[in-house]
């Protein structure tokens, strides 16, 4: 089964008659901290509706890759293309380009990063008002829909500090969805959570995947990589070691490095 | 601005330094019994110390100087401007140093007292051997920045006629009608004076930290 | 030694009007000085080198020189350039500068104490720099800064006593004047001291209460 077959089998939206074009395309993306190479010329394509899981040992550059995609950390070489926007890392990015890029990319952080001084509802509504220019009323309506979708409409008037970690992360997902992004980035969304709280977050992510959202997920959850994602990519030392349909990579890895990593994870 | 003018201002320097160091010394010494009273187990003593500290800090320094120099000096006992300033600023320094000591003592983890009781060290020995040396290190940076604050505070002594920096600046400004340069220069002297204190504090803190790290 | 009742009632109107001027100078200095401090804090954190240098200069001089010298620089110094200010205006300018310099450090430290993830989240949801500051960073930063800002306000209230030296008829000037007219320095100055303490001490107690509450807020 090829990658595209896997996508088709899952029913990813591919409009007929139109050549299938990747939604995200990274060309020779690189990032250095001083002499240390964090990303070493990453080439990557992600199709619309595809769910890509990135796994690998810590320090492999997977989080940095994610943060370079929405320019939270500007890459220092290569190109980032998302939909119609294309940024060249060699040239300084313009403000309007960055703003368009970030509007089409939602991001969920390991430590949630909800705004503690605002109610849950304001957390989700803020960007709709300030970035999309929606009225308070319209923004709040949309926010309530999103909060219902993650099962937390009853928490709207609470402050984030009163919610459990799992609830906070689901709110963070609703907040990221509020700008109707084309792609969602997840940076180890369950790593800061107790296992049972992680499950409720994974359930929300699985539902999101089933609606056809394009997702890139840096994770340590092997079951998510194996069962939910379409594609799995293994990274080490700033390079892609192996990439392919999730079932293939997880059950029948080709690279020695991948085998070692998966064995280490299973033994834990 | 001639060199002579510069020297006229510089004549105030020894007085500023003497007043700063003198008041700091008075405060650092008197602060010890004051914080002891503030932390005492005897409630009335603790209360009195608290009231004393609050009142001293609740009244502006210039008013303390006036109360001592004009208030007491003119009716009870004559006192020289310098001694009045030393007494007033020393009093204020004592209250502030007591609070700095208290903050430092409070920052020592409760476990240190517990561990000392477990070793049967006794209250006095716990304080002098275990807590005070650690508290000293914590108090040092605050004490240094207070010393700099106190140095700037000594400028109020000019109002009762102590011939320190601000006083000399005032005289010169009236003499030359060039207040802009004169006061800019006076301000610069205060800033320059604070640099060695800040530097010494950093060096001492670095040294003590290195000692702990080893 | 203590003022008699007759004396007190004779002096009180004068002293209270002095206190009112002290409070006016305090309020205006804070009202102008704290926003100025915010601007200076942003200036010091700015990327532009020139902005940074200008802001740093204003901060270092504003807190490095004694408030008394700032006051005299503006009141006695500026007229030599042809710009003459009344003592009230000079007092407000000097103390607002002093306030700005100190509060800029307080505000800068509290902005920097906000976890980095807050700024990242603001950027990631598409807010521009100004919106991130206005909606995410400042509300949290000012909450952290509040106890220190309140504590500083007490110092500025006490600092208005320095305006004695530029002939502003505030509380200390009034007490001193009464003293020199009646030769009853001690009771007059003491009365002024009581008035200062009756504001400073409750304010200090309030600050330590706010500090404790802020501490428990941070732990939540």
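Each chain carries a letter (A, B and C) given by its place in the written order, and its residues are counted from 1.
Note that contacts are C-beta pairs under 8 Å (C-beta built on N, C-alpha and C of every residue); 3 or more make two chains touch, one makes a residue touch a chain.
Predicted, not measured: the structure shown is a model, and the values here were computed from it.
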What topology does the chain contact graph adopt: line, ring, star, complete, or other?
line
For which chain is the distance between its Cα centroid and the global protein Cα centroid smallest?
C
Need the most distant chain from subunit C, centre defined as the mean of C-alpha atoms.
A
Interchain centroid distance [CA atoms averaged], subunit A/subunit C, Å:
47
Chain centre separation in whole Å, for subunit C relative to subunit B (CA means)
20
Between subunit A and subunit B, what distance separates the C-alpha centroids? Give it in angstrom.
56
In the complex, the residues of subunit C that touch subunit B are 1, 60-61, 64-70, 72-73, 76-81, 158-159, 161-162, 164-165, 172, 175-176, 179, 183, 185-186, 189-190, 192-193, 196-197, 200-201, 204
Which stretch or stretches of subunit B touch subunit C in the complex?
54-55, 57-64, 66-67, 70-72, 74-76, 152-153, 155-156, 158-159, 166, 169-170, 173, 177-184, 186-188, 190-191, 194
Can you list the residues on subunit A that touch subunit C in the complex?
70, 72, 95, 99, 102-103, 105-107, 109, 111, 113-117, 126-127, 130-131, 161, 175-176, 178-179
Can you list the residues on subunit C that touch subunit A in the complex?
115, 117-118, 120-128, 131, 135-136, 139-140, 143, 220
